[in-house]
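Dropping the structures in below, format is structure tokens.
There are two complexes below, and they share subunit A, which is joined by subunit B in the first and by subunit C in the second.
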Partner chain A sequence: MLEKNETLTQQIAALAEGSYTATSLAKRTLVRATQFAALNAFVSLDESIVMAQAKAATLRREAGKPLSPIDGIPIAVKDNYLTKDYPTTACSNAGPLESSDVDATIVANLRAAGAIILGKTNMHEWAYGATNSTSNIGATYNPHNLAHITGGSSGGSAAAVASGIVAAALGSDTGGSVRIPASACGIYGFKPSYGRASRHGVLPLSWSLDAPGPLANSLEDIEHLLPYLFGRDSKDASTAHAKNYKPAAKVEKPHILNLVGNGLERSDEVDEIVCRALIKADVDCSDYEFSGFGTYFAAWETILHSEASSYHLNLLEKNPAGFSAVTRAHLEAGRKLTAVELLESQKLRAILLQTLSHDLPAWDALVLPTLPVPAPKHGVDWQEFGGRKVTTQDSMTWFCWFANMAGLPSLSIPVGKSQSGLPIGMMLMGKPGRDEELLAIGHLIDRKINGHV
Partner chain B sequence: MLEKNETLTQQIAALAEGSYTATSLAKRTLVRATQFAALNAFVSLDESIVMAQAKAATLRREAGKPLSPIDGIPIAVKDNYLTKDYPTTACSNAGPLESSDVDATIVANLRAAGAIILGKTNMHEWAYGATNSTSNIGATYNPHNLAHITGGSSGGSAAAVASGIVAAALGSDTGGSVRIPASACGIYGFKPSYGRASRHGVLPLSWSLDAPGPLANSLEDIEHLLPYLFGRDSKDASTAHAKNYKPAAKVEKPHILNLVGNGLERSDEVDEIVCRALIKADVDCSDYEFSGFGTYFAAWETILHSEASSYHLNLLEKNPAGFSAVTRAHLEAGRKLTAVELLESQKLRAILLQTLSHDLPAWDALVLPTLPVPAPKHGVDWQEFGGRKVTTQDSMTWFCWFANMAGLPSLSIPVGKSQSGLPIGMMLMGKPGRDEELLAIGHLIDRKINGHV
Partner chain C sequence: MIKLYNKNYWGSDMKDDANLTEDQTERIKSTLARIRAGLERKTGKSQFEEPAHIFSPEAYDAGEK
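What follows is the complex of A and B.
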């Protein structure tokens, strides 16, 4: 079943043509959620909430007045997005928001378009980790092989899409949390440029790195959602200059830099699959030896830990036992970072931006594997690849953090499978604010590799 | 002599009319600098450098081709502005720049207009203090009474203007360093909005608070200089949206808020003089009880110390003995601040901006005394006023830091003298980016109080 999930595009057409109703789609979705309960993809899912929305959508279609093409389509939402109907817990016992008076801006936009907020998905506690193994409802399980993790922190959203429960879901990405589980679960994940999509109502991990983003079964499906994500939101100052979504023209022969060098190691298997995909994609691609990757990584970590500890400061003092031991340890460690260390890291961020703008040869996209290894097994704490031995956590963010540090739009595309049958993803990064151009490059490559339109 | 200094406006007219030449003005300036050597206003002043510039200016006038109205006029420059001809030491033994290949952007602008960079003025070491008592060439002395300090950190520039050596000088202001010595020395000082004037080539104290600004004998004189300060500079990203100088229309009846409350105490004498001036100014003024002043002050200090320690990190490790003991102690203390403390302070900064925009009643300018006390005596470490006992350092920045924390343009105008004959200044603050409107309000008040045109 995993290979033939219905796409959002197909659901849009089916509802428009009347092949089925929002009510029957919702019923089918609930059945499938039950069938795949072993994935542990959902933290909140309420049949009555879902069916009330679905019936209203069906009535609108019957009256010939759908609110939008996605009216009546179920969307799963990561449990760090505020929602009026469901509680928002960030899968932590520390400070669950049992209820909220507001929807996150993106949730509100989808709701206004008639989309059904199906339920809230399992996530790495407070998004502070990339394995989805740390959650107050337990880990998520990879639909391709339950012995393996989904990666995270948007692991529940990825599992819900990859298993075909929903055609699309929302995640958030601070160091790869959309792209990592998308890659590990064999679907498409997109992190917009920083400041392009509203973070209002998405509980922060690190406000200068966080970006909300969609997960889906095709690039076209992702693009169906972007009108509801992109654009200025008066409640999020970082979107002050955000443009609305506007599809880019097709691209002809983009120049792509393949980043290599110290700190950019990957397993032979992943390297081979991604290289083969690049050859098949027939793009103008050259290697670029990128220096200082490890230094920038340390700076990303400092910014992340500082901001996370700042955001959680009150809760950490009020209810330390509510956090898992590992999350609490991160937060306590973050409090020990100095202001000077943070400022030095912020300066490195500015230097990285200058490097990308001025020092690299001309490029349209940067390419890397999304992950250096296929989805790890549950309970395995270390990964070895390319002469490195790193924690499973670090292996997940290994490449992905780079786009957050630089605010770049970034995409994960499935490009093959490991010998053990686990999905492998390719990551593309574009220029800040030029999300649509990156997606156009993604389409070009995806058509060649996966035959998608 | 202190009361009748020649203004920049008068010098512009005299040179234009040919009443005297740039050469004779430069000679007179050098003589006067020698007469007032006891002020210790200059750290670098070289007759041959000055006279070469003056002779070139005279030749241009004789050829009927002056570069600008200020061609040939001597300007004194604080020793933290990079200058090609003079060394730049920031009055520290830690890391003097014996020479520089570049002029600070503002210095370059003035030079291109034919102004004579007279010499470099004494300052508080690295601008890290507001008394001008800590300097590797010794303290500066107040022209109104040598037993008193000038305040700082642009104390040398203030002394040079107040004594009539030059008609105008450049300073920099991170928590009042232009306005404090202007007030203490009975002249006019102006700190532009953050990001309006280029900081390129001005050695930083705290890059998110620093602003370069002029000191002079009248508001008109300050305005003569602003075309050379304001506007976009590709070498300083903070000026990306900076507008060029454009005089505002006269204002009629501005509404001014007089800030009062806890943390806003001042001596009875200063309060009386400033109140009397406000009455004489006949403006629409009402008291506003401002809460949280002390909290914002602590946040300003955290930002300042963090950024200063970050900037000086390498030098502090390489040459700790080069700093004065007190500056070194500040820098070491700044290294102990945590990243979370800095982030909390940055959040308070955002809250302060929101408060000023949304919570206050409508206002055109905010008013406070520039200093809560007249210029303190040399060697006195504590000041008592309004039931407070604070360090002389804190009494200098007492009100001034507020404009830096919020990025507001701010002006100090002399409004009277203490019983002991020391100048008292009034501080006005305007809205960010609306520097010219603040200056127009300043003119209105100045005309009524001081009879200036």
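What follows is the complex of A and C.
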């Protein structure tokens, strides 16, 4: 069931051909959501809201006037995107201050294209964690094995796609929150370059690290959605120079740097699967020893906690008990960081950007495993790998935060399974603003590894 | 609409660590210790005199309200 999910691309073709209607697709989606209720993937999903959208889409197609190729396609949306028809809770009892009678820009774009906003997906509270174990509606369960976590914070979106409830979903990514659950659930996840996709209406975790992004069953599926994500939005100043989506020409022989070094340890099993995938991909790849990873991580954490604490200032004052214990501790820690520590961290960020742009050997993409371990079991707090013992939370963001710190586009591709049958993902990072080139490199590799055209 | 911060926040009304559990206090301490240890390892000369930041006034003048 998990190996042959229908792709968004197939759904687009089927609706265009009339093999099924938006109404029949929506009905099937609702049935599947019920079948997979045990995953706890959805916070809110209302049949009447879904069917009203589906009937409107069906009428448009019957009249020969679909709004776009995705008219009538159900898309699940993480519960930190504001939506007109569903409440937005960020899976917290603290209660967002923002009004939920508006759509986030990306949701509005998808709705204008006729997509069915299916429902809101479970997430790690406020996106402030990477396990999806902390949520006011309970943890999300991995479709490959219910005893294991989905990873997060877009875990509900990943579970909804991996189980075949929907072909695509929206997530957000501050330190890996799209790519982590995509990897743990065996699907594709994409974090755009910072400032390429509008964050307006996506409740922030850390505004200079956050990026909204899609999760789907193929890279082609992701590309179908990017026209509705990319581009300038007057409501998000970070997109002032954002370009619209434009597919890149095919890449021929990209050079890929495989990052290794202190702080980049991974389990032997994951290392072997990713190395085997790189060999199969037959790309020009060399190892590069990257130094200072731990220092840059401290800087990322400083920026994360400082910005999150600033964003939650009012709510923390108004309703501190509404936050889970760990989230509140993060926010209180952020309040204690000094302005100078934040500025020193932003200096480190500048150094990192300079290093990536000028000090590394020539590269087209950087590669790492998405996660150092397969999806951990529920209730296991520590992970050991490569001589390290770290919290499960830290093991999830172990590699992924790097792309947020540097604002790089990044994607996770499934490349194999562990001995226990859990998916393993490979993470590629591209140069800032060159999202389409990264996706073209991803296609090249994915074709060799997974046979996708 | 711009919302102003609760005026009480900037005064003395908000008590630090009010009602925090022992576990939360320990988490805060260990988070700060980890971060500060990491930042202290910063070495080498920065080629930049100032931090990474975004200040692009025209970005706020999109001509659309």
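Throughout what follows, the second predicted complex is superposed on the first by the 449 of 453 C-alpha atoms of A that agree within 3 Å, B and C clash if a C-alpha of one lies under 4 Å from a C-alpha of the other, contacts with A are read in each partner's own complex, and residues count from 1 in each chain.
By definition in this document, a contact is a pair of C-beta atoms (placed from the backbone, for glycine too) under 8 Å apart; a residue touches a chain by one contact, two chains touch by 3 or more.
Note that the structure is a prediction, hence the values are computed from the model and not measured.
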item: Subunit B versus subunit C as contact partner of A:Ser306, first or second or both or neither; value: first
item: Touched subunit A residues, subunit B compared with subunit C; value: C
item: First (subunit B), second (subunit C), both or neither touched by A:Pro320; value: second
item: Touched partner set for A:Ala339, first subunit B, second subunit C, both or neither; value: first
item: Partner chain in contact with A:Arg328 - subunit B first, subunit C second, else both or neither; value: second
item: Subunit B versus subunit C as contact partner of A:Thr150, first or second or both or neither; value: neither
item: First, second, both or neither for A:Asn132, with subunit B first and subunit C second; value: neither
item: Which of subunit B and subunit C A:Ser193 touches, first, second, both or neither; value: neither
item: Set intersection of subunit A contacts, subunit C complex versus subunit B complex; value: 302, 305, 313, 335-337, 341, 343-344, 347
item: Of all residues in subunit A, those that touch subunit C in their complex; value: 97, 208, 232, 234, 237-238, 240-241, 292, 294-295, 297-299, 301-302, 305, 313-314, 317-318, 320-321, 325-326, 328-330, 332-333, 335-337, 341, 343-351, 353-354
item: Contact set on subunit C toward subunit A in their complex; value: 3, 5-6, 8-9, 14, 16-21, 23-24, 27-28, 31-32, 34-39, 41-44, 46-48, 50-54, 56, 58-60, 62-64
item: Contact set on subunit B toward subunit A in their complex; value: 302, 305-307, 309-310, 313, 334-344, 347
